[in-house]
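Next up: the structures, one after another.
First subunit A sits with subunit B, and in the next complex the same chain sits with subunit C.
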Partner chain A sequence: MAVLHPMRIRADALPLAERMFNLWTLAALMLAFAAVLIAPAFAQGSAPARRGVIEILLEWTPTLAGGFGFNVLISILSMAIGTVLGVLLGVLQVSPLRPVRSIAWLVTQFFRNSPWLVLLFYCILLIPFQIEIFGTTIPFPGWIKAIIGLSLPVMAYMSEYMRGAILSIPTGQWESAESLGFTRSQIMTNVILPQTVKRVLPSWMNLYAVLTMATPLVSIIGVSDVMTLTRAALSAEGRVDLLIPMYLYILSWFFIYCYPISAVTRLLERKYSVNT
Partner chain B sequence: MTWTQEQPIVSLKDVHKSFGTVKVLRGVSLDVMKGEVICIIGPSGSGKSTLIRCINALNDIQSGSITVEGLEVNDAKLDKLALRKKVGMVFQQYNLFPHKTVLQNVMMAPIKVLRQNRNDVEQRARALIAKVRLEGKEGAYPGELSGGQQQRVAIARSLAMNPDVMLFDEVTAALDPETVKEVLTTIKDLAADGMTCILVTHEMGFAREIADCVYFTDRGVIVESGPPATFFDNAQDPRTQQFLSQIL
Partner chain C sequence: MEFANTLIDWLRPDWFFDLVVVSDPYNRSRYLAGLVTTIQLSVLSIFFSLIVGILGAAVQGAPSRTLRVLVGAFVAFFRNTPPLVQLYFFYFAIGTVLRITGENGLPQPLVSNFGWAVIALSLFAGALNVEIFRAGIEAVPRSTVEAAEALGYTRLQIYRDIVMPLAIRISLPALGTNLVNLVKTTTLAYAIAVPELLYISAQIWSEDLNVREMMNVLLVSYVGLVAVLVWVLHRWEKALRIPGYGE
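This part shows the complex of A and B:
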């Protein structure tokens, strides 16, 4: 994890202020790009009956923002569930018991090498829409199934990161803790896992950014996320010239949300690769 | 079997140990009495480190017997916690917990393993840190300390468990020459207090000064042993003579 990438470090060796400046430059570039795309729409929209593209975008913004908020919510919950399960699975992957290790490895590999969309479909089909426990009915709406579906690959990736991080802790840590009388599980929770946090953090944040960008997949299985709402807005307006600006608008939201995360991730990677 | 102070506190009898097909220990026997300080010297690869790692069951052995205060170490049903309460160990690479402060490093095992009262442990930990001459460094992280300072914290951390025997595995081998002395002084203080110490070391001057008995190992066996005066000045075995002539 803490591998030195000489080329990368050079590129990343910019002070934070400059990196932030880069962010704004990119954002400005995107806006300019958007303007170029929207301009023809203005030319067409000069007839009095037709509203301007920007006007329409602004009108739909509250609805779309609600949808985007839902995407963020799904990403946060999937990440939380996937992280907890992934840490457990990663710990099991280095278990001294061979059968436990093998099963954890198999589960990890299975979910790490499955397409996210297929996993989503699987969850929709396999999980019942409600479960009855002692007379109480617990509903399972689509968005909860989506969260479960997305948390599975997160779990698998996290499991691999944890396995790598645990194995990268020097054996001397195990030996010295062992000779102080700690049991294996005490060593894991008190000595090893706390030290894996900073090793796993950059990959974990990167995974979160990837997950967030994958959340529009849930629109395919009927969850009212930003993509579903965008499509609904587009069909309500029924205007072809809206297609590109509107999708670009949504794209820019994801960019603005995810870019800072990956920027900070690279910053952390640089920091920890130099002084582990 | 109950152990009495007249019997050896650590006793090895015909210990054999191999890693795969490589025989590292080929019949090692030695006895250490309570309060004794013994130094194990020898060329690298002669099995010195393996020998002392076997004493606290970090390595298992193939045959023979190791007892610590009468407790048989070479036993599948060994109560490892009971053994580790008796035996403290300090490593060449210090192996402090980097995410904990000096004070936390010293306090962790008594609190988590022995479940002792936090306030009592803290009081004792502060006293131990003072004993290894590191007052004022309680809040520092290991990464902020020199090698010699880290090694002294490691000694304090081990002492916090109140062991009866201390094992030192080449504890000065990774240190800068100027910090070696401070660690050796700490060990000397310990020995003066009556702690049973088993050291693997390359510091011949130190071994001569502190040891009650020096053991020379080569290719998995103890070639020669004796009090430092006779050992260093009047070695009998040609292998010992050759080794000493190379380093003295």
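This part shows the complex of A and C:
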């Protein structure tokens, strides 16, 4: 007699990090993929002195690593500037004064809804290459303008996260601090903002990962980063069978840098998920 | 009174008609063509990314472990690598290798740069959508699914008729954010010379040397596009709303 088997419900599937797939198996998968692509090059007989793909990749690694380090530097500086400005803007967004709130909201929405590449173009073309304040000349090389351009959307996203975090603090905190005689700015700096740090941390780390993945955009506006160097290396070597391996190589660098960040973000989100 | 003169100058209505994309017919037609290309890119990418998201979320609940690992690897790869590098990988690395012999006997690319842009953007946004739909599917109450199974629905029927509609309603806010980001990410196609809005604007400002004006027009255009999408999603959300859930 036929029996209706119960459907296995997948709603309790393990989180990504604990499944059979994890960083190591993905690295193994990517290595296997790369090996399958590169192996035919070794299958040629006694071809005259054509270097192996892996040898070329290793030869270019120091240069590309320098470029990647530049990307990381740009992301760290943009994140720092954007976080500071974003916290300020978020605090302004919850101001009791209506015009301050509206202007802060407008600025946030404007920079949130603009494409990152358009903001980068804006900054690279419209910020002067040097400004003179009080007799001293401050130069603005391309990468500084790119950092400013990338910090603007970071500021907008941080402002939204801070607004959400500040509004999630119980009103009792505000009232008890006020009854103790704190001024509004003292309440904000000593009571509210320290409590928002924990709530904002997973979103902040996720934003950093998104920002790091947006840093190759600066190669379009003329800053020499890892993508510019990769394309220069590919045109210098001029080999068609090097294209896929080298792009996969760079992709794996970004993956190895960003995957731990998103894994830790998920861990923190789950740890801090129960809020008051 | 320099400031007052500047303010009056700015408030005069004919500054709108002095814009080079409004007054000059060639620039106007170019700009509108770029806008149409951007809208085409956005609509196609949104459509295919939704399909990728729904299929991926379905496969993530499959009993076969290999399939689940594959989808997990796909999602992790596209979430943790830069979309611009993915686009370059598709267009320069795979596109150079994928050639067919054209009518005149010479090798031609199989997919145009517009096509590669759609493919890359759909896969990128689709991977993010898989995560969003997975969260929505997990939020569907298990009792509902068990009741459907008791009524004799097959797994595909449960997914198509019961789980997916409920999951879409639950995941609509996060999906809206992702689709707005997708519209903004279509500017990446500038890097592979797709004639979309940013590319055309760059051509116009390099010819007419009016960077500030074109930048403002560009920013207003993108804010307008995003506003249209947000309005559509808001209407969809309101249409799907049922009393007793959410607000």
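Rule of thumb we're sticking to: the second predicted complex is superposed on the first by the 246 of 276 C-alpha atoms of A that agree within 3 Å, B and C clash if a C-alpha of one lies under 4 Å from a C-alpha of the other, contacts with A are read in each partner's own complex, and residues count from 1 in each chain.
The rule we apply is simple: a contact is a pair of C-beta atoms (placed from the backbone, for glycine too) under 8 Å apart; a residue touches a chain by one contact, two chains touch by 3 or more.
Source: prediction; values computed, not measured.
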{"item": "Touched partner set for A:Met188, first subunit B, second subunit C, both or neither", "value": "neither"}
{"item": "Which superposed partner A:Tyr122 touches (first subunit B, second subunit C, both, neither)", "value": "second"}
{"item": "First (subunit B), second (subunit C), both or neither touched by A:Ile56", "value": "neither"}
{"item": "First (subunit B), second (subunit C), both or neither touched by A:Ile166", "value": "neither"}
{"item": "Partner chain(s) touched by A:Ile220 [first = subunit B, second = subunit C, both, neither]", "value": "second"}
{"item": "Contacts of A:Leu229 with subunit B and subunit C, given as first, second, both or neither", "value": "neither"}
{"item": "Residue contacts on subunit A - larger count, subunit B or subunit C", "value": "C"}
{"item": "Touching partner for A:Ser176 - first (subunit B), second (subunit C), both, neither", "value": "first"}
{"item": "Where subunit A meets both subunit C and subunit B, residue numbers", "value": "none"}
{"item": "For the subunit B and subunit A complex, residues of the former touching the latter", "value": "56, 58, 80-81, 84-85, 87-89, 91, 93, 95-99, 108-109, 112-114, 154, 157-158, 161"}
{"item": "Subunit B-facing residues of subunit A, complex", "value": "170, 172-173, 175-183, 186, 190-191, 194-195"}
{"item": "Residues of subunit A touching subunit C in the complex", "value": "4, 6-11, 13, 16, 19-21, 25-26, 29, 110, 113-118, 121-122, 125-126, 209, 212-217, 219-220, 227, 231, 234, 240, 243-244, 246-248, 250-251, 254-255, 258-259, 262"}
{"item": "Residues of subunit C defined as touching subunit A within the complex", "value": "60-63, 65, 68-69, 72-73, 75-77, 79-86, 88-89, 92-94, 96-97, 137-138, 140, 142, 145-146, 149, 152, 155, 158, 180, 184-188, 190-191, 198, 202, 211-212, 215, 218-219, 222-223, 226-227"}
